[in-house]
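Scrolling down, you'll hit the structures one after another.
Note that subunit A is present in both complexes that follow, paired respectively with subunit B and with subunit C.
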Partner chain A sequence: MTGTLFSKADKDIEINKNNDCNDLQCEEFEETPLYAAVLTYLSYAILCLFGWLRDFLRQSNIEKKRGAVDPNASLGFVPLYQSYESFYTRNMYTRVRDIFNRPIASVPGAQFELTERMSDDYNWTYRYTGRTISAVNFGSYNYLGFAERTGQCATDAINGLKSYAVSSCSTRSEIGTQRYHVELEQLLANFLGVESSIVFGMGFATNALNLPAIASKGDLILSDEMNHVSLIIGMRISGASYQTFAHNDMNDLEAKLHAAIVHGHPRTNRPWKKIFIVVEGVYSMEGSICRLPQLIELKKKYKAYLYMDEAHSIGAMGKNGRGIVDYFNVNVNDVDILMGTFTKSFGSAGGYIAGRKSLIDHIRIHSHANTYASSMSAPIVQQIISSLRLLSSPEGKKRICQLADNARYFRRKLVDMGFIVYGNKNSPVVPMLLYLPARVTHFNREMLRRGIAVVTVGFPATKLLEARVRFCLSAAHTRPMLDAALAAIDEIGTDICLRYSSRHVHRRLKDL
Partner chain B sequence: MTLNDHPTFLRHKLSYTYKNCHWKTMLSYIRRFFKFIHWLYLQYLLNTALYMLEPWERLLFSTLLFAILSTALYSALVFLPHHVRSMIQFYS
Partner chain C sequence: MGSPANHDNVASLATDFYSLLESFKETPFYHLLFEIFLVLTVLWLILFRKPRRIEKKLTEKEKQELIDEWQPEPLVPPVDANHPALNVRVLDGIVGKTIEIDGKKSLNFATFNFLNFVGNPRITDKAIQAVQKYGVGSCGPRGFYGTIDIHLELEERLAHFFNCEEGIIYSYGFSTVASIIPAYSKRNDILFVDEGVHYAIQKGVEASRSTVKWFRHNDISDLERLLVEQDIHDKKNPKKARTLRRFLIIEGLYMNYGDLCPLPRMVELKYQYKYRIFMDESVSFGTIGQTGRGVTEYYNIDRRKIDLISSSLEYSVGSIGGFAVGSSFVVDHQRLSAQGYCFSASLPPLLAAAAIEALNIMEEEDTTLCDTLMEKSKRLHQKLLDIKGYLIVGEDISPLKHLRLTNSQNTVARLEEIVEFAQTRGITITVARYLNDEHRLPEPSIRLILNVEMTDEELEFLCTVLQEARVKVTV
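After this line comes the complex of A and B, so read on.
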């Protein structure tokens, strides 16, 4: 794990030339080193072998079956569970289940409490000891630090609760539209600089139930390959045809747009009724940012509609926190449909869609989420209203600057130490690659032992080779907290050899 | 009682710490060696995913691996000299 052959200056120039770096779009995705790929495949092969052995022991009743068991298997019914699909869950996920889905016992701010749990039978069952572990939180999407029990937003939410109680007991289209919904929608439209907006109670449902309202059979949807599941489910429910283009690859997208317009439907060659391009602002697993200027150029050239999901970028990116449109300084009317969620930067829950008034009026009538889901609860809406108001004030600007500073500092330090970190250098999501499943587990447990709670993600959520740890930075993280995390990462990274990068020199934190 | 009343005290103290220093560095070397062995064992566990398995599975895999490697090593030690010699004879 020593230094590389080239000097640092040469390396930087090489990176700049390869990665289209004009400082806003400076992204880096280093390739997997060969030895890491080989060791990862070897690990999964050994885990598979032992999985087959354990499954055989369970099947032949030498060992007790602990997972879900079909109760009527012997009576000749059609099997209830696909046993091969849960092979991974039984034999690889459950062995290390204690690093995932940890229950927390306090508000998920920068420092929080995790419940301590012990397992006597290798993570099949847990018992809670009753104690809590205090840890620094690098897993919550608390980008602007609004997840706090005290302060202006919390007081406003409590007052909202006292005035309006919890539930509105109806849908938006019947009698569930309250004053605060109208106020929130107007405030949001002014904040984003669009004509109108509409809010929903759940961020996932905003995507899944509104794509069917705007796209239907006979349309084409071109979506990025790394899009979130909510967008994919929305595309499938809508009945439109969809194709994926390579992640952030504008040449591939242009080729597909060109082919779609020239050839039309696959067999009948009828022209497509509408063509949508669905992208996300910040991709949470990669840390990359969509190439908005090129997308708008393509959209105008080929007359397609652009749907941008700003779940992770609203509030967190841009000078004024207005998202990717603000970050690239483009005209907000060029993006046809702006979607976002309130869960991440605003410390609340729910989602919104913003755009032209005609679009929003259409969605108000045709969306299932508006007609059938009950409207948002009062304290939740009040939290969003007060955090939106706070964002325009000097304190909000301070939070945005603090987040940008934290993101750049943390990322710069990790890259300089020699770890492989994906994504844009300004994004608040920092995915660091760990590759081997055992190293992922060990890293997570060691970080918790040092008082830092991180979220590690492995196979079904990411590709098989690219297991990673995803740090979500927050404006509530102070510089000492980041330094403590960096010291812990440095120590563990040296201990289990996590410095995979061949583009950057490997260094200890004390040498930086 | 001051230090000057016991002129041999300082010399005894110095000689005592000198011997102690010797033992301490040897002990620290042994401790560092054991830590290194423990680190190597951890690397073996992590790189082969045995870290995620139960103790009896680790024992089973390690036993099998040791059996295969030792058989290969023994065969090499027994047969290689003869094979190499006959190869040299064949090609010369």
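After this line comes the complex of A and C, so read on.
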């Protein structure tokens, strides 16, 4: 909630002065316009006022209390939730609940079917009408368009089901390892250009359960402030100390590295056993890309270990789809621990860690997921194997180019129209700023009315001021789909004044 | 009243004092002010000023030297190439009642396939249909178009199966309970946890950062002791006690010990000491109780008295994932606060479809599958007790049993030998694997799991092989 009104502008100027890798690291984070900030704070203040009024009405039984009631309410138990914790849920989230958790009834491809649901009591309960709404999908993580129900990958997954059934009900360290696990790990290691890799059934768990195997008490982890929750949970459980550095700010990171080695542990001054730098490849809320070349330089200078989470960048970035390492064309062995997920670009589920054989062997022995969690299901693995094979073929190259094309085109058009768009111009995630909560919900509903499903996020997933809509481009999006979306954004943007940018001229789509 | 000398002393004191007062009146005002200021300064110096720490100022050269000298530890410590995790058996086929390893068939007593749903053609068919309709992955978290209608159906079915208000599903069994506990229990809340809970629960408890009070495994008197202690502590500070939530974390059927929790007494204590019960029924779902509805059915306790039941779809149901059921008031909170639910991609639809079909089978054949399993478990238990030299840990009705060698012969190495020998004879069993940082590392054991489709002859064969193995190993 602190003012971000001016700090980001300075960062931009610094970036543009950066000599090397200019084009690849060209990012923009225009500062929040003053009037938008004021109006946003005012909106939340008014929402709070109304929230308190409604709570008061509910307390004094003037208004009916909706929502579930504690079955243990009158028995003297300590309340399970404090009333201030659920203030936000009751009074703000429920008003706009219909824009989240929308159920779908088809494959989450570029065009999909949403189940229609109606609410007669302002989003407290829903009823399903049985109809579906067809919409263009800008919300699902389907970067390379592998979310398909027909085609090579789906057929292979079905064959996997017939040969291996759904699950083997055992862990990898007991009887759960199958030939296809070994095959996938080898294929993945070859694809990434590393010695070895290990796969897990859930991407979130890959971070949360394996960071404790790598880092432990006495280590220091320096993590970017925008890192994903799974990384933070992993850091916490590992027992290591952790500090955050400003998002993508290499000067801040260097200062912290310097101080860490010179002064050691803050109280005892003991030297740290190991220092880790944890970053993500593509940050999905900001659309920015980590500064890998500078990170590698820093890591070599200060002898730290680099952990890169490529959840959103593997498959989607780089001319061969090999992620950020491919994008910047650096040596893959410079990144000590490569992590990624299969949910986004491969249309499947799960995560992996890749690197040197000694690292992977250590993880196999000490990972929580390897010892206690069920091994991956056959069709899931088969889908990844098929899509990996496809990625190395001409068909795959076509998809990668199409995604890059779509991302750049879409972003260029939005920027030219005068909207504030954050992030790197090559990132497949395009966040556009909306600021006011009312505009956020109106935008979402209006886009759906025009047949385009988008994802809007606000507080607490983002900073209080920076509510945004996040477009996830896909290789499966055709030019007409993108144009339809741009036309809709243009129309709605004019209706509710979403053109905030002061750096670019505000234009209508037809004038571009 | 004293002697004239005393009287004189007092009088002189009085005059001294009087003259002191007179002199005060005569001093200039600024002098008084200065004196007061000095006194106050001295008081401040004594009471409030903290001694300044002498800071080490390092020169740039010294800092550079420190940086050059510092050597981090290697990324990972040296690895033992003979560790069992690096030398696992690699299978290639359906892991059902029988498995094929190196071309030879063997009976499978090692995987959590209690109801033999692995490889069931009905379930496979439904999963194939789901792939043909939805593709493989769900491509998003539940909040952003990752909610597929099949998830909502599965949640409803699970809630209906357990006769609870609402259900919620997770995409990974381990993350289920590890995300649930921190969603409700925060710093300063109190958790009473059984020492024998499995690793995922331990991690959930750790992630919550609450005050944890461990009680000895299945020891109600130890739990009561802790509750009484906490009660005494509360009475000293009732205002604080009113804001601290208390939870009891237990399992229905313990995975590491194969025994049931003493639920009736725990429910009684719940209403006496006002804590909420979170029970993990990963192993007891589908295996205990006449229709597989778990420990609450077995003990005939109203399920509404348990605040939250969490379980797994990876054992009896034969799919992947986890779920929780309970009252809407409790379960709905997780949709915004459970990290493993909000920030993770949702369960792939084909796995949800497989789970729904498994539930269909359980609900239609409900009187025979679980009953049969409990019967066979009892019979197996009797047969195992007849073998000399083994210690059987677990309830007789539990399909999950731990086998240990008696006395000091119980080592992992000997158990591995038994497992190897059994494999040559056509029985697949496994040593239970744990990480060393378990809260209370269980004794080494072989985890025997009974499949409901096993015949009596097959159980006899298992016991014969176990007997031969023991003789061979302890010679």
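Rule of thumb we're sticking to: the second predicted complex is superposed on the first by the 482 of 512 C-alpha atoms of A that agree within 3 Å, B and C clash if a C-alpha of one lies under 4 Å from a C-alpha of the other, contacts with A are read in each partner's own complex, and residues count from 1 in each chain.
Following the convention adopted for this analysis, a residue touches a chain if its C-beta (ideal position, glycine included) is under 8 Å from a C-beta of that chain, and two chains touch if they have at least 3 such contacts.
It should be emphasised that the depicted structure is a prediction, and the values quoted were computed from it without experimental measurement.
Q: I'd like to know which partner A:495 touches here: subunit B for first, subunit C for second, both or neither.
A: After superposition on chain A, A:495 lies in contact with subunit B alone.
Q: May I ask you to decide whether A:453 touches subunit B, subunit C, both, or neither, giving the answer as first, second, both or neither?
A: Touch partner of A:453: subunit C, not subunit B.
Q: So, does A:214 touch the first partner subunit B, the second partner subunit C, both, or neither?
A: second
Q: As a test of reading the superposition: which chain, subunit B or subunit C, is in touch with more residues of subunit A?
A: Looking at subunit B versus subunit C, the one contacting more residues of subunit A is C.
Q: Considering only touches as defined above, state whether A:436 meets subunit B (first), subunit C (second), both or neither.
A: first
Q: Does subunit B (first) or subunit C (second) touch A:512, or do both, or does neither?
A: A:512 sits against neither subunit B nor subunit C.
Q: Quick check for you: in the superposed arrangement, does A:305 touch first (subunit B), second (subunit C), both or neither?
A: Only subunit C; A:305 stays clear of subunit B.
Q: Thinking of the overlay built on chain A, is A:75 touched by subunit B (first), by subunit C (second), by both, or by neither?
A: Touch status of A:75: second partner only.
Q: Which subunit A residues come up in both lists, the one for subunit B and the one for subunit C?
A: The answer is that subunit A has no such residue.
Q: Could you list, by residue number, the parts of subunit C that touch subunit A in their complex?
A: The touching residues are 58, 63, 66-67, 70-73, 75-81, 83-86, 88-96, 99, 108, 110-113, 118-120, 123-124, 127-128, 131-140, 142-149, 151-152, 165, 171-175, 178, 184, 198-200, 203, 206-207, 242-246, 271, 274, 276, 304, 307, 314-315, 318-320, 327-330, 332-333, 335-336, 339-340, 343-345, 347-348, 350-351, 354, 428, 430, 433-435.
Q: Which residues of subunit B touch subunit A in their complex?
A: Touch residues, subunit B against subunit A: 39, 42-43, 45-54, 57, 61.
Q: Under the definition above, what is the set of subunit A residues touching subunit B in their complex?
A: 39, 42-44, 46-47, 50, 53, 92, 95-96, 122, 436-439, 441-442, 495-497
Q: Spell out the part of subunit A that touches subunit C in their complex, as residue ranges.
A: Residues 68-72, 75-82, 89, 93, 100-109, 112, 114-115, 137, 139-142, 146-150, 153-154, 157-158, 161-179, 181-182, 201-205, 208-209, 214, 228-230, 233, 236-237, 258, 261-262, 271-275, 302-305, 336-337, 341-344, 346-349, 356, 358-359, 361-362, 364-366, 368-374, 376-377, 379-380, 383, 453, 455.
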